[in-house]
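Look at the two complexes coming up: subunit A is in both, with subunit B in one and subunit C in the other.
And now, the complex of A and B:
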């Protein structure tokens, strides 16, 4: 039998390669990003000395503030819509479906094709000569194709709610599936109707899945680049599009770095507040 | 009554998920370069055009290479790390896990750009190797999640019994641990491969002149006349992925029967 010290050094040895890779590919680049955000672009290089100018520009310019606000608002809407649409679906699979496994496979198959093309498909559906407009014209409900379906925040929300659906369905399904069925029977035996039973037992016990889904969707969608670029138009532009422009077209890396870090901080604060309030609500309900 | 409404909703939701995806195969067989209704007859010419495109073949082979290397590396790293946190009582294991999972909470654009800056600072060229490094960030947390779940549902006594019966560590690994972990390893390889194969933004910043398949697709989306061909590509990716998932499920069932999930 190996002694304790030896075996824990073995454990650290197993953990080390992953930590080294993450240190090189994650920690060092993020540190560099922080350092870059404290500099100023001067021609192809950086000016000498450290400065907080970039943060002043990021927080001071109204157009940037609007973009942050819009990104957060769009992601919040996406999160709400995706979770609200997915909950009844997950509930159906967990409590009413006969062939659960087939349902789960059927629900995940649409996510096994290219993300880019799934997003692009919405351009075809919402577009001028697209699926919705041709159907409405065929039914003589409209004479002219509707131009309002595409290139706006609404299109971004619908597209992202579709693209991230699996991230809501699966965690909610798992938490519903874990609920002890005898609790539901007990509630019924004690006289709760279906609605009261749902509100008192099922919904609170499935909250971990709902909260997990919300975080899993909110955090990455705030930084989504592809969807606003393809279906957002000028009104649906989000923060990632602005960051990309700073790096690729404008060539102002310090500003791009500061925009990245501020948006990460905003997302982290919102996600943290959300988790803390969810935890507080769970405590109060107990 | 209520369950009937719910069933109706479930099918409506399924339609919402499937309609956009079915647009790909439908228009890939449509005999017109315009992606609009009404459809104008059946053709397989877009698939022929795909087969003839050498840029596409190059991008495909780049994506396969990156996907396979990323899947193998992230699964090996995940396997070692998952074993470390489930088999040893390590101080700071929670913090290490948090650090490894951090990329899940960072937008892909930030992961890609910060790596781009690092490569620039140390003077390394953009390359497929850089893309693999970026993809490891995204894939290792997935591999770790899948593999930890598998290690936790695994009877430690089997390994101890093997050791008691005189097998050395290496033989125990090959005869007990590896077969029992195989379903988890398969799931991890599949998940990380698909994630890498489909990843666009990180690769977009790090690949330099070597396009991966999503970068190729992104480039094509700007040319309306190329679209039917791109949709044909999407239809093929969908068909192959579905076949892969079914094959993986089949392999999983060949392995050790795992206890039924849930009630």
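And now, the complex of A and C:
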């Protein structure tokens, strides 16, 4: 009979390739970032000695704070919109679709083209002479093309919500699919109409999927760089754009590193608070 | 007017009817069982009464009210599901209170009702227990309490004891019967376990391939089955092909081939039998005895069951053994004797 030590060493053996990749590709660069953020730029190299100046600059400057705030706000809006739109779709596939597999494949079709192409597609749809504007002009609903569609936070939210839709649909679908159908029948049997049944059984039991979807979207979109750069304009610029500028144009690596780490910390704290409050809400609902 | 009235109800999904022209009348306060092998349509019938399936034709009425167009949440029925369907995100108290919330009772009244039903199913003090911390037997009781607490007109039980081990099942059978007597609600039980149906119910309907073969009290069902399927499904039964020779007064005479000429009470024949009809002679193993003379045979196999034993006796000219239940015979060749008044004549299915 294998003892515990043996099976745990076997476990680590199986994990080894992943651990190596994680160590080399994640932990080491992260450590490097931390070290870089504690330096000061001096010409093409770093000045001697360690300093917390970069963090002072990150937290002290109002324009940086605005960018952090805006990134979180846009990302929160994207999360809200995506989850709200994904839920009915996931619900449809889980409860009403006949050919689930085909639907699930169809939902991933947008991902068969590159992310960049999809962002450009939205640029064409939302642009000044784009699909929406020319259609509205043709219908004589407007005289002048609408300028409010592109190069603002709205465009960023629309584009990101579309880009991340499948990441919200799939976890919600899985949690809905997992719900034992006899629980729904039991709720009906005990007097619930469709709406009450949804609110008392389906929604609470699908919350793990909803929370998973929210985290899955909020975390990466806060740091999204391509979408705000292409469709965000000056009003839609997010923190990742500033970080890119520090590394590529300005050449202030320590400041870029500090901005990245602070942004990571903010996301971690918000995600943590979100999870904790979701858990507390689930407990209170019992 | 009976309490639950099922009139000419049929239902098919795709293919042959699962429930085929079923007629059934259940009285108020009755403990009624639908008994049949899996796939016989009993669960579908139960689900139509609960409202989860719609009959293709026919009507279901409860207490004089037609139910066909009434959705499940508005029907005066509650169900104990085979899987129990305990809400995993709610504790025992909230599971049981689930169907009462709509009534908007004052808090202390709600608590009193839930606690009373918890006491009835002997789960006192377990209200705060989380759903995933319950044993199989406790889950069964919670499911029962949750359905009972609504005090609806009919309680539907879908194989409620199927998931429990044998000892727990037997204990729950006794309790289920006691609970039904106490609350006085009509219980409609679906089961494939004949012992369960016979020991619990006032009356039993035996279903086979979507049809109801016989509705009777357990004793009649055992002693006077109406056809081969019922006789074979409930307990063990020996069948012999025979020809009806004569009906003289209260005695009928049959030619049972290898068993010779036998007489039995005429009332034991299925109605409508005529002289020279091919019939199926049936007798329970406990009514076949080893004797000094009679049909000769050899014991091919025996099973010791404690109080009595079961024997398979090979008889010349017959491929199936004769089942005998009783005490051990003398060694060597045996002779079988049949208790004439326990012989019954069923319609031949060929």
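Worth pointing out:
Everything below uses one rule, namely that the second predicted complex is superposed on the first by the 272 of 286 C-alpha atoms of A that agree within 3 Å, B and C clash if a C-alpha of one lies under 4 Å from a C-alpha of the other, contacts with A are read in each partner's own complex, and residues count from 1 in each chain.
Just so we're on the same page, a residue touches a chain if its C-beta (ideal position, glycine included) is under 8 Å from a C-beta of that chain, and two chains touch if they have at least 3 such contacts.
These figures come from a predicted structure and were not determined experimentally.
In the superposition on chain A, A:204 contacts subunit C only, with no contact to subunit B.
When both complexes are overlaid on chain A, the residue A:185 reaches subunit C alone and has no touch with subunit B. More residues of subunit A lie in contact with B than with the other chain of the pair subunit B and subunit C. Once the two complexes are overlaid on the shared chain, A:219 sits against subunit B while remaining clear of subunit C. In the superposed pair of complexes, A:8 makes contact with subunit B only, with no contact to subunit C.
With both structures placed on the common chain, the touch criterion links A:60 to neither subunit B nor subunit C.
Using the contact criterion defined above for the overlaid structures, shared-chain residue A:264 touches subunit B, although it does not reach subunit C.
Overlap of the subunit B and subunit C interfaces on subunit A comprises residues 180.
On the side of subunit C, the complex with subunit A involves touching residues 50-52, 71-74, 77-79, 81-83, 85, 87-91, 94, 98-99, 102, 130, 146-147, 150.
On the side of subunit B, the complex with subunit A involves touching residues 2-3, 6-7, 9-10, 13-14, 16-21, 23-24, 27, 34-38, 77-78, 80-81, 83-85, 87-91, 93, 96, 99-100, 102-111, 113-118, 121, 133-134, 136-137, 140, 144, 194, 198, 200-201, 205, 213-214, 217-218, 221, 230-231, 233-234, 237-238, 241-242, 244-245, 249, 261-263.
Looking at the complex, you find that subunit A touches subunit C at residues 180, 182-183, 185-193, 196-197, 200-201, 204-205, 282, 285-286. Remark: subunit A residues 7-8, 10-15, 17-19, 21-22, 24-30, 32-33, 36, 85-86, 88-89, 91-93, 96-97, 103, 105-110, 112-118, 120-122, 124-125, 127-131, 134-135, 138, 162, 165, 177-178, 180-181, 194, 216, 219-220, 222-226, 230, 240, 243-244, 247, 253, 256-257, 260, 263-264, 267-268, 271 touch subunit B in the complex.
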